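In this document, chain identifiers A, B, C and D correspond to the written order of the chains, with residue numbering beginning at 1 in each.
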């Protein structure tokens, strides 16, 4: 599928080869997302429901890992207090690249109900982590989280590994030329 | 046993320490006491066969502008009666005896009151913050509390 | 000694009972709903959306008279409404349900990252303009995509119209001032 | 014994034959690992009335491939304070130990990679080599969870090695040989000749039956503990030790641990098959017998025990550490001693 699509790609010949390899690598990463078990507040209850039999997160290839070293993404499910923010940041730093973050629910998105008067709440987890997908809801339905998961998988599928590196190298070269 | 009967009994034993009985039609009737000997009063309430208050249901702090209030909700499992004790301490020196040696459950309750209101329970074996981080400044539930601008590099206001 | 053998036997026997139960479940029909293929909004799905489901809000701008009740009812202040008063003789079109309207709603913003979906605004609304829908699939890659400005979304007022209305109101204010000054 | 290895017979004893013989189990192992990972996911899902992976290929059957592709690209973290040589070596030692066990596994009467006559002893020795890798990984990570996981794993495996060794000793007494092919050959014929049903020979073996049956159960329990599978997975108990001895491993090194665990699962299942369930023998006498069908019977019997391990994993909760030790020292060990004595006595009298 990838090869046929790439044949019409305007990028050129190396786009065919690298593009196909890239497709394979992206496919592998998007279809095998292992998530870190990290529940914070009431959203974690809904998160558990997604794991349970009725919604079954494993359909998407998501297997729970308790060690951040082996996890691919973390679902911030709930209120991130300032006390927890330090820990969360540390856990995220322990994760192996490539890593992703889903912010689940209002509290993780922007502080939610605590955005105005919460002296102890981090107003949006994007202040400490690069969030990939925001799932709104308070808490979101299990299906809404699954939709967020599908969006994340789409995003991983669209990622550029080699082409980005090539583009960056070209930009670097251009910058050097300009500098001279 | 009704609160007014308990009040009379306490008045006999502690005299000046017990200030008044406040009857409140819309909520609990409470006994107002002075903070200095609160541990002795509570020990008496626990050990006396007429009261047998063996359970501290709730300990909470209050901010009364000039003073800080502490409310004790007591319950007797055996005699099935309850009692509310209230006491007040000045805001600049909020000291009063700890109840940890009377009821073990007061441990975390007092730590929480210390965390949120800065009430200093003397004689508590481990009076450190329980909910906020250890390096948190100020007592969040006091009415004059201002939320910090920054904590560990994270901006706090929205 | 008797207890020991009894314990060992119980250990083996209860493990066997557990294994019988799990093998029983292995061949049962599974209960999983395959979400993107089976949608909860479908009647054919495993269940309908409950009537009190808390999902995305929707504001019908043709019904909104800009009374600000929803913003006041909101416990988390996630609704921000901006209105411009209309000058006499240039009233906005009446509500779709027939009521009179004398405020131009120039901005109606709901920030869904702050919203706690408590549905209090829908109860406060006098005209029934703001409602809970059954829509829940609106995750996004960008947090600011979740701030919905319903005036823009439904195109109930264009930018030029808003500017025009604002200008008219400013002129009207000036005239009023003059009128107030002149009789003296 | 001449027909023991058809590759040697075909090619002659040269290095090409050696290469083929050593690579065949590897190919088998790779294929098996993919099937086992998918099986684990799917069986766990079906036991919980879920569906398991569904969106990777039809019915999710290429999920393990996606996982391998993913793990290949993951960043390989070596912690700064870790002991780097040991940290990097540990997964390979663990995998090498479980792969070495394949050297003596007889897949068929015509194919055994190395037909030494001390097969049973070799398996016992190599099987306990894996814990070195495990302890190395746990210690070198410089992480308290890893260290505790490694220590627990060693304590557990050393404890359970004893009942397992007693069982293997009994089989050696019953068969009178340590050669795996010889042990399997003694169980030929119908399935009631298997050692789990007391071995071959007349109605007299009815007396053997209860003891050998208990021995089989003891070995299955001990093998679960040796492969760190539930209910004996306290070395990697998520609730106490984040992920046990492989907490700090990521990417391909973690995959090696993962792979070694599944290889170990197959090894112990193969041992159970060989010593109790007649190895490559057909259960129905000469029906579907022969060397080619032998491979089929051997692999399918082993897969039944792999399935049993997965089945047990999703049935039983994790044991506490003291309960684990209790089961090993106070239950399995006395029972295995009694059965060993009884069976050796019966063999002598027979």
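Everything below uses one rule, namely that a residue touches a chain if its C-beta (ideal position, glycine included) is under 8 Å from a C-beta of that chain, and two chains touch if they have at least 3 such contacts.
For clarity, every value in this text was computed on a predicted model and none was experimentally measured.
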Counting C-beta pairs in contact, which comes out ahead: C-D or A-B? C-D
Select the chain whose centre, defined as the mean of its C-alpha atoms, is least distant from the mean of all protein C-alpha atoms. A
Distance in whole angstrom between the CA centres of subunit B and subunit D is 62
Distance between the centres, which are taken as Cα means, of subunit B and subunit A, whole angstrom: 47
Centroid distance [mean C-alpha coordinates] between subunit D and subunit C, Å: 56
Between subunit A and subunit C, what's the gap in Å when you average each chain's C-alpha atoms? 25
Please list all residues of subunit B that touch 2 or more other chains. none
Among all residues of subunit D, which ones touch two or more of the remaining chains? 45, 48-51, 54
Going through subunit C residue by residue, note those that touch at least 2 other chains and give them in order. 30-32, 34
Note: in the complex, subunit D contacts subunit C through residues 43, 45-51, 54, 217, 311-312, 314-316, 327, 331, 335
In the complex formed with subunit D, which residues of subunit C make contact? 8, 11-12, 15, 18-19, 21-23, 25-32, 34
Hey, which residues of subunit A end up touching subunit C in the complex? 53-56, 59, 106, 109-113, 115-116, 124, 126, 131-138, 140-144, 146-148, 150-151, 155
So in the complex, the part of subunit B that touches subunit A is made up of which residues? 132-133, 140, 145, 147-148, 151-152, 154-158
Spell out the part of subunit D that touches subunit A in their complex, as residue ranges. 41, 45, 48-56, 60, 63, 65-77, 238, 242-243, 246-251, 254
